[in-house]
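Each of the next two complexes has subunit A plus one other chain: subunit B in the first, subunit C in the second.
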Partner chain A sequence: MIFTSIPFFLFFISFAFLYYIFPLRFRWVWILASSLFFYMYGNPYSIIIIASIIFVTWFCALRMEKGPSEKVTPYFLFAIIINIALLVFFKYANFFTSTVFDLTNIVNTQVFHAGAPYSNPFILNVIAPLGLSYVTFQAIGYLIEIKRGNHKAEGNIGYLSTFLLFFPKIIAGPVERAHHILPQLKQYKPFNYDNISKGLKLIIWGLFKKLVIADRLSIYVDAVLDNAGHHSGTSISIAVIFYVFQMYADFSGYTDMALGISKVLGFDLLQNFNRPLLAKSITEFWRKWHISLSTWFADYFYTPIAISKRDWGIWSVVYAFFITFITLGFWHGANWTFVVFGALQGFILTIEFFTRKARKNMRKKIPPLLNNIIGTIFTVGYFALSLIFFRASSVKDSLIIIRRIFTIKGPVYIENPTIILFSLLGIFFLALIELKREYFDTLFNISTNRHWFIRNCYYCFLLLAILIAGVFDGGEFIYFQF
Partner chain B sequence: MSKILTQIVTQRGYLYLLKKLAAFMVLFILFDFIIGSFFRYLYFRQTSGWEFRTKYSVEDTRADILIFGASRAQQQYNPIFFEERLHQTCYNVGRDGQPIFYYYGILNGVLRRYSPKMIFLDIENGVFNSEQSSYDRIGVLLPFYKTHAEMRQVIELKSPYEKMKLQSSIYPFNSLLFKIAVGNTKFNKNRNEDIKGYIPLSGELHEPIRTVSFLNQHVLDTNKINVYRSFINDCIKHHIKLYIVCSPYYMKTIGTDTSISIAKKIAHENNVDFIDYSKDELFLTNSTLFDDTVHVNVAGARIFSNKLIDNILVKE
Partner chain C sequence: MEKPEILAQLNTIFIDIADNENIRLNEMSSAGNVEGWDSLTHIQLVVAIEKYFKIRFTSKEIQSWKNVGELMDSIAAKVSE
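Then we have the complex of A and B:
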């Protein structure tokens, strides 16, 4: 059930209505039941995997806290291994066996079977349950916090299940923290008009970004990048830039909807985006993009690695950058393209780390506006380039696309001018809103205007824009696959 | 239950929310109606372009002969030859990229007004293959939902929630803003894009013939097969002379496409002529008659149209 579908809205309206009917202390039960229904709607069997993760995490966390101190590490390691093993099995097993097989195949082909095609006999017919990466990461975060003594283990498996299965965030995040959600589950949450109003507004804004901007851009992006061999460098460049906006509108649109749905129920989820496309450097960009995941990696991956290698001095940071971002890239999927995507982030962050003082001095000599423009163009440009690897099906394909950008001249592909016009209008509107919020936030505000009519006209405009220019036959959110 | 509901709505905040939501809905419905009505007005007064041709097919044409199909109808059957040699008026209602649902929707719209004397239905390889995009493309018929009850059955196939979405006045014109705007200008008209619905292709193919295999089975869509049957039945019911045609291809084939076999079988069951040019030697040996492997060019269209008319005249 995707957030933009009518079945989801029917589900959500009935769920929210009954949620406020339920006695306060049993509302979490209703959330859990509905989350289970939501999760099992498409594939009921995948809940078995998620339920195993929840049970192991709950049991081991309790044993870590209540058992003897020498048992803490074994329980912790057991739970972590189970979590990671399930993730690796479902998401990466075929990738690893294929990689090994491909390597041995090269040897075998050369020695015994020149030219004979091989196929990997170890390919497993498994599909990773939806949201597995998110559930696993949240469970691991919970276990680490208990191990560090920052959080008490949750005794009620129902609460822990509700935290991990909470339907607005189970499929594509934000990657939540137990200490942020569990207390909210136990809080007294009376009906609150402001929460509902803010939540509904976020849902509309997220829906607009997904249907009007992301799905519209995806038409051109798919048409060009899926057939890059037939398109000119100019068309590919346009598609690559469009893809940056598509990705942002898609993922932030989903997040806005997740935040909005939670807000209607009185929950606050972690912010995931803070206008990343206006960042002036990649370092700043990663503080603004997929914040819940990057802070998760910072807390549980980057910092421990950097501390463990502190003897290396400045190189510990470089080492931690690379390991963290390669893992972060690989988290997205079982493909070398994601590894390259992560490595490219690690590479530029290292460069920015070493040149931070020089850049700071240089910035003083450039007018702030120019500095912002150069910084933003560089950031978006570099991110767009790295996204080529993110989107392509292989590293070879990515390199072909990059080569074509710089070598193949030709006309711009415009099969349907309407798509280009709607796409450009969508980007323009998104940029306008983001720039306004970043630089002129105190100026005339439509969405929060004190006049009811103006405020509501704005949200009517968004809904009408969805009806006029939204793509109703579009696909899933991009991040659902991760 | 009613006690709980009373308690809820009388609680602080609930009523306020309901009032605000109601006010917002009124505002939204009002805007939707005004803008939707404006779009409707503009849509139905277009004078050129693709949407205009669809509207003309449904609401205006009175031609004796109609040609139905997708791009292979629109770009291969020249109505001028049909008019000259059969001495009847002709209009090509084919539309590029459209599935059989579209043809049937248009047929329903036409039959509400009059019964043409003759219909050519162009059928292509894979016409019954199951594809989600075929349902998405029914979208071009949405503007007719409100005023054409006879087309609703087809339009509602688009998705199970189409009826709900169509409560909006704007939704039928989704993504059509710029097309409608251009259709109201002289832009397309000045380009002389079509000749009675026929769009000539000017390219010339210069490549050796390819071989395509139909040995792999595709999943077939029973809705499409049912609509095809309905198309034939409606023509028979309205005493329309129907010819189902598979126009030329520039490709050799291994095996036969399942859709074509089924289409042939159903046609024969209903005593409808099925004329197959897909293996016509004249076209298979002359790539210069094609724009690409599945569409003949303007020269090919002339030869094909006349060849088809010869065939009809013999049969008549």
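Then we have the complex of A and C:
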């Protein structure tokens, strides 16, 4: 069920209405039942995998806490292995068998069959359950915190299930922490007008970003990048820059909706974005983009690796960068393109790490405005370059696209000028809002204006824009596939 | 070694690693309120602290500190061993 669909709209209205009728003590039961319905809608069998993860995580966490101390590590390892094994099997089984098969096929065809192609007989017909990687990561985080002694294991499997299955975040995050959600599940949450108002406003803003900006941009992006061989370098460059804004509007739009839906119910989810496209370096960018996932990787992956190799001195950081970002790239999907995407992040972070003092000294000699402009252009440009790999179906296709950008001259592809116009307007509006929030947060307040008329005019404008300029057949959110 | 002495030395190490001469640490200082102290410089800080005080932390200790006060407690305990 997609957040922008009519079935979800009907589901959410009826769910929220009954939620506030339910006795306070049992509202978490209603959330769990509704989350199960939301998750099983369309594909009821996926729940078996998710339920297995929840049960193993709950059982092992309890045994780690209440069993004998020598059993802590075996239970911890067992739960982690089950979580990772299910994730790897459903997400990467075909990738690994294909890679092995391709390697052996090269040998076979060259030595024995003189180029006769084989088809891989080991392709498995498995489809990863929706949100599997998000559930797995949250379960692993929960287990690690208990192993470290930072948190208590949850005795009630109902609460743990509600935390992991909470429908606003199950498909594409934010990657939540148990100690952030479990206490909220146990709090009494009476009807609060302020929460409803704030939540609905976030939902409208998220809808606007998805339907008016992201899906509008995707028309040009898809038309050019899906047929890059027929387009000039200029058209491809425009499409690649558009894709950066599409990705941001799509993913942050989804997150705003997830946060807004939760807020209506009285829950606060973790912030996932903090104006990343205004970052002045890629290092800063990764502190502002998909924050819940990057902090998860920082806490449970990067830091333990860097600590364990700290005798290597500064190279421990470089090693941890590359391992972390290649894994983070690979997390997005079973394709070498994502590995290259991650390696590109590791590469630039290493360069920025080694040059941070020199850059800091240089910044002192440049006016702040110019420094901000240069930093932002570099960040967006480099991220755009890496996204070419993120979006393409193969590394070879990515390299062809990059080569065409620099070698193929020609006119800009404009089949329908209004598409370009609306795309540019969407980017302009998004940039205006982000720049205002970054640099003039206390000035020109429209969405939070003290006069209700101005506030409501702003949200009416967004709603009207959604109805008039929204693209309603744009499809799923990009991050739903991960 | 007394805690004020540890704090003064930590301050010197932090200024050097985080490249921020304005750092004035106290027991409540943490990565959230010290500019330049992040997950990247954290490892360098640990290495510099271990080298200066001639001690060795465990991974669990390094990941358990929530502020400079807890870091100082770990240093004081190791130095007195």
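The criterion applied here is as follows: the second predicted complex is superposed on the first by the 482 of 482 C-alpha atoms of A that agree within 3 Å, B and C clash if a C-alpha of one lies under 4 Å from a C-alpha of the other, contacts with A are read in each partner's own complex, and residues count from 1 in each chain.
By definition in this document, contacts are C-beta pairs under 8 Å (C-beta built on N, C-alpha and C of every residue); 3 or more make two chains touch, one makes a residue touch a chain.
Computed from a predicted model, the values in this text were never measured in an experiment.
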{"item": "Fit or clash - subunit C, subunit B, common subunit A", "value": "fit"}
{"item": "Which superposed partner A:Met1 touches (first subunit B, second subunit C, both, neither)", "value": "neither"}
{"item": "Angle at the Cα centre of subunit A, taken between the Cα centres of subunit B and subunit C once the superposition is applied, in steps of 10 degrees", "value": "160"}
{"item": "Subunit B versus subunit C as contact partner of A:Ile468, first or second or both or neither", "value": "first"}
{"item": "Which of subunit B and subunit C A:Pro417 touches, first, second, both or neither", "value": "first"}
{"item": "Partner chain(s) touched by A:Phe191 [first = subunit B, second = subunit C, both, neither]", "value": "first"}
{"item": "Which of subunit B and subunit C A:Tyr20 touches, first, second, both or neither", "value": "first"}
{"item": "Residues of subunit A touched, compared between subunit B and subunit C (which is higher)", "value": "B"}
{"item": "Contacts of A:Leu62 with subunit B and subunit C, given as first, second, both or neither", "value": "neither"}
{"item": "Touching partner for A:Pro304 - first (subunit B), second (subunit C), both, neither", "value": "second"}
{"item": "Which of subunit B and subunit C A:Thr283 touches, first, second, both or neither", "value": "second"}
{"item": "CA minimum distance (subunit B, subunit C), superposed complexes, angstrom", "value": "37"}
{"item": "Subunit A positions touched by subunit B in one structure and by subunit C in the second", "value": "none"}
{"item": "Subunit C contact footprint on subunit A (complex, rising order)", "value": "148, 283, 287, 298, 302-304, 306-308, 310, 313-314, 316-317, 320, 353, 356-357, 360"}
{"item": "Complex interface listing, subunit A residues touching subunit B", "value": "6, 20-21, 191-193, 196-197, 417-418, 421-422, 452-453, 456-457, 459-460, 463-464, 467-473"}
{"item": "Parts of subunit B lying in touch with subunit A, wherever the complex brings them together", "value": "4, 8, 11-14, 16-17, 20, 23-24, 27-28, 31-32, 35, 132, 136, 139, 161, 164-165, 168, 170-171, 173-175, 177-179"}
{"item": "Of subunit C, residues touching subunit A in the complex", "value": "19, 38-40, 42-44, 46-47, 59-60, 62-64"}
